[in-house]
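What follows is a structure written as structure tokens; I'll ask about it next.
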């Protein structure tokens, strides 16, 4: 409820257009649709600038269908993340307009054209082939938000020349998303080479002492490069979301 | 064995009604039925005010059937928690009087009517749709113990208006159960908004750095709201049990 | 900002008593005093029923003096917790009306008499002599909030008879606070013996595998007694605060 | 290789009965049979007093069959622990003389009668029905080593009377094995009630903050009862092994 | 070594101005001054846009003096972070032109005026008074980098109105830095209320289960608000550095 | 309260020697002396066979003096463990009959001669010179309980011959206490060489990845030798206590 | 890009053989083949002396086939590690020249004969039969790199004579790889017995407090033998790789 | 006790030169001097090729003096590591022939000249100035063992050019020791650039999520460069010791 909207409501109340009870209701009731087990935030696009994104993991096909339909009813593009292959197939059978992106495990319901925006490209750099699902989640989401994306994949620091060969691409970006598992050194090395914010995404790739990505996460938080911030393990979506915010003029 | 009961036993002994051996037996032998692999606590209702609840996880259908039947033999309502869908189906085939609640994974054997009690409603607030199984375990158990329950679901703090829209409901409750995964901020925000005890239930919803709910648990234990106490991860039953105790006049 | 107060403000606005800007201000501005480095919550007593409590650890004597004086200016009793002995001495030199409680490290500024309230006594049980500072924090705070307190100290489960000897006292309480370090078994044993809520306070007493109280904390969260909820390590204040809420009629 | 045996070998060497190479061989070569992927310790019975026990988890049916046959060839009883149901069935098809104990997941090849020994019975106490597999592993192994075993099951501290009712049995034992999951308080309570060594076995029973038994383990290591030592999580075998050593005259 | 500079060097080599050895040297030798125990990165301002910042913790007065003097020799402003009070006093005795900021533990050597830059103000929000040193490190560093800073201090979520009262200020910022200890819920709540990137700084404020800030860190990484990225515990400098990068047009 | 004593009390009650109230009192009141902040367990010697031991860490000189005097009043030997040098000196000034053992940080008040007992010697083996305080705590306590003790110090496995040279001594013992820090391999190696119970004491000796002894503790719990049980980090007293129980005929 | 190669490029540029753009390209472009989702490092054999090894876990059959074919196209031997049985079978169906080693889960594409090299044999010692897959990964990889390998398996320290019997073999090696799970004591014991580097490989063999190998890892890092270095849990490949480097003259 | 020496002893016994008791003594008694609280391993130089090194931390001046004198009595060079400044000063007052190296906290008693040995230089690379004490421990120890050492300090990956400028030096070494704190990326980057073994030493430099070096340690163990092995946190000595073994012809 922002100040302008409150002001407008008070004007309509003062003019008699809006009764006391309606005014109270309007102030108190939030802009969401209550589905019982989900309160779908239909005004999020207004409030934070992007349509609400549905976290698909752990939701049933039925829940996803109801939530997606409700959101789509407001006319926006709908994005579902972390959708398992089986769930995606079943959901698409019910909602054929859904587009499924297999590698990044995304489902998209496009209703309005995506307009290009952003001060420059977003570079998504990843360390190894196994990091691709997370890197692609970041890249695809960034594209859905209207950004141009440059992909530099399998460029881990054990073969530094693979990264250096794409240095120009990385340096031209206005934001860099660095995706890596294991020791996560890619974030620090990229961080030291560019003058832009680097959003580090630790992945759960590794074994033993990688502790399911916790080691990578902690290592990235200790990056000796000061331009690095970190999101949760495997959170390609979050990185793309913030990168999009940063990239907006 | 409380003092009054001991006194009564001693009276009967003094009057000759009870022999020495019987007295010793009565003092030493506990009020339970020994099934060999389980000592069913048939007097728990007297001792702590509720019928014994059977923790269903890890028990066989056979063990559950024997324990439930033994408890039911004392005339009380019987509650089984954490019962897997398959086990529930098999158990119900043997004990058709069982009522199965799917979402909260409960089985109930009702024998006596549940009398409404409590100073006011118990509010169960949860952060996201994925928290529903735990929230419903709390809500259903609280209802089985005679409380009126208000459900406020999918009201996580990232869309604060969804919570604020139900603030009246939450504030009217005599106890609040706050169920959340991820960073668990709901507990602190609710804690700061109400003047009643808040029982926080961390859920295992999340990924990566949520560490299976341990992060949520630790965060809730560090709540800056002083009216928050915490139960184990996913322990909706425990929260409802304590809320019921608090709500009794 | 609750609904009634909003209603009243709108009435005054409708009657012309309150201008538009003043109305907006009243809705937006919070009931606190901004000291620059602290926003003193002067209306907390109204909102959650107790005066605000100042967490003393890590605050300078100067900060504590300014905050305490601001709160005292609203006419309430002021409570400072976790105040180091040196800080307490210096603070009292500046505010002689402060009363210092050494063992529980509390400072109290009494302005209004504490009225007895609560459905029954609160029992504070602790396992060992080393747990006393935390147990006393809980006991003293509960008394400051108007509760009658029963102390049962050094009653750890390795000598069970020490606890059983005070069982009547513990059972008569309307809430029990169980304070223990090491393996924290006291919480479970007490929980199994009473029919009331038990608030468990793990202490940092122990060494080696006690991990500064984390082991105790985790153990208490796994209590096999369903009536146990838990607060942070050494958080005697929080336990007393919740116990007071529970104990209010 | 102990001093007496070395002395004897040197005598035989001095007398010419044993050549230099044979002496070196006898000193260097260990009393085991090398199967390539396993060095079966055939002299363990002599060295530490019990036949070697085969840890079944992670070994193939073929490996187990070869190892068991080799050990059996020395005339001793053979014990396989942690044997999965499928593996047990397959192994028994190949070695029909094997006896399978389902609950404790043991396989036994009896060749010599088990002679009763030990200063007194070993009591195996467990907290809940779910702890039975571990408790039975301890009990069955202790019996295989010739001890009399007293079982006290489902005697967790939340219903203390269930334990106290069997206190005589527990106190008559010469060693107590306390098996519990969750907060593991049983170890401390039993420890405080008896004057004998208590071997605590944490189990992986629990959820959330039990961390797969690590919480129980750490709690037991912090027991306030001084007569408690601890073995690894779910290690019923180890507890029985040590209890047998303690119980031998 | 960027492509343009390499191109220029090759031009000078082609024209004979630069010999082969000098060319190799220029390509290989990095733009730093080697002090033996420190390689001072004198060209960092060119490469990543800000002067190099010296991490003061664990360095001797002598090391700091030499490094600062070397950097100052290149004409830039020099910033030392995490400088202990004693070290700061000694260092200032040797370098009187240093300006010491006590609360954020910074030392600044100003040589060139700081020009205002950035698309809008940076808001620094903190949860409690104890978070001030970290919040001030962030605020002061952001100002040194030419940003306008809005401070909203002691606005933790347990008294939500304190934050909401400053919501306009927070929403007008182009980036928000959210500083909090304990459960760190502030990051999620702020994240849900604004449409800009939020950089969360966990602090080590708390006790017991806060684990020196690790709980706060993990909680923030699990924020349910998608616009939150995280830096290391107490890393106010890093947050300000990234916020400045984001804020640059 | 054991059965025989209860029987005796009931006899006296039946004979009129003991009134009803006195009987109840005798059943309920525990054999301890309540000092307010400590419940001194004066009958522990009867119940578990050894005089109560006072854990000195964290207790004031005054508390220790009162507790020691109370215990001494029952005529037993009194043992204080973990007593800091300063506290020991002050305490001895008040109770000159105390004997202070510096290396193991013990204080002893001898009143009755210690009678030799036990089936054989207890061997205390330690890995390095730095483990001495813990090893000496174990050795001295075992001696105070009447055992003969064999010390084998600085016999870590990196120089295996140092251990093997004392193998006879270790094998002759009826129980072995193995004290080690770092990787704690000593416990497994000793365990494999003897046929008696081995009580492993991890020490906090080490640095970095030793995590204050937690690594050693966990390693010892995973010993591949089945005759090893473990006590808490640095708990030499506990090991000696259990060893004494095991060693009693 | 090493100095000599740069020198040569500059010569060719100076002589006009290589244009400016081609020179820049040659300096910037790395020696790898970009497959889109993988940058195959075809020059690694030149750079670090061994052909690139493909980490098979988590890669699809298609990705592995493309990467292996690309590498094989450069004429080297190709090694795939951590290949699951199903994947190996499918891959071999497509690339019949692949040789599958089942126990160590390796796939090998031999194109050039492996020449014996190294100063002496590499000894691979493992503690138990369950450690075989890791030990065999180390042994097979070391052989593929041209080393002679001595295997000493199932030689854990609980039966020390099994290790001592092979001491000569172990001492003759120029490097030792010690593979163990549980408490990992083998590394320290072997370390103390040889005068060569010992590379310790913790395995995930164990249960409960072994924490999936983390305990073993930490224990090995605390080895009291100074000649021990450590690789990640189950990393037999890494140990063999480093051992081969050490063994080269 | 190796086979040859045993053979020789047996020859002398056969020839009558050595009596039975002397033979047994020679076989059983280890080559150490027993000081009571320390068993000084005087033959270690023979057994593993270097004189025994004394770990100074936690030992008293008196213990160090006795151990050093005993070792020196065998004619070798003596090295004490981790010696605190105060201890070093006191020890030197008693043993003036000791040489104290302040930064790496070493004390050296030189008696025999150090002969240069090794296939090439050992490079010690460190990331930051704060890593110097550990790096210098490694460098100084390597020099004491006769190696030539190349130091490349303050070459962290955030300013990659500082490392690349010294790449020739690093590549010429026969072994590299990589010393770094924080995220420890230096180990992976160096590992990818050289064809020799890299021994990674994590340091405890960092704060917050560095967890006292544990993060760095875990990250290095997950290095994507296969030629990296790891030693304990801050263990410069161990790295130098192994590097010396590797470097010996």
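Here the chain labels run A, B, C, D, E, F, G and H in written order, and each chain numbers its own residues starting at 1.
As a working rule, contacts are C-beta pairs under 8 Å (C-beta built on N, C-alpha and C of every residue); 3 or more make two chains touch, one makes a residue touch a chain.
For clarity, every value in this text was computed on a predicted model and none was experimentally measured.
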Which of A-H and B-D has more C-beta contact pairs: A-H
Copy-to-copy rotation for chain D and chain E - C-alpha atoms, rounded to a multiple of 5°: 180
Same-site or different-site touching of chain A by its copy chain E, using the half cut: same
Duplicate of the C-E contact set - from A-H, A-E or B-D, the pair where over half of the pairs recur: B-D
Length of the line joining the C-alpha centres of chain F and chain G, rounded to whole Å: 49
Between chain H and chain B, distance of the C-alpha-averaged centres to the nearest whole Å: 58
Inter-chain centre distance, chain B versus chain F - centres from mean C-alpha coordinates, in Å: 41
Shared interface positions of chain A, touching two or more other chains: 3, 28, 128, 159, 168, 192, 208-211, 217, 221-222, 226, 232
Partner chain F, residues of chain D touching it in the complex: 2-3, 47-49, 53, 168, 171, 192, 194-197, 199, 217, 221-222, 226-232, 237-239, 241-242, 245-246
In the complex with chain B, residue positions of chain D that touch it: 128-130, 132, 153-155, 159, 161-162, 164-165, 205, 207-211
Residues on chain F engaged by chain G in the complex (per definition of touch): 127-128, 156-160, 181-185, 187-189, 191-193, 206, 208-211, 215-216, 218-226
Residues of chain D touching chain G in the complex: 1, 28-32, 36-39, 41, 44, 55, 57-59, 63, 67, 202, 204, 212-214, 217, 232-235
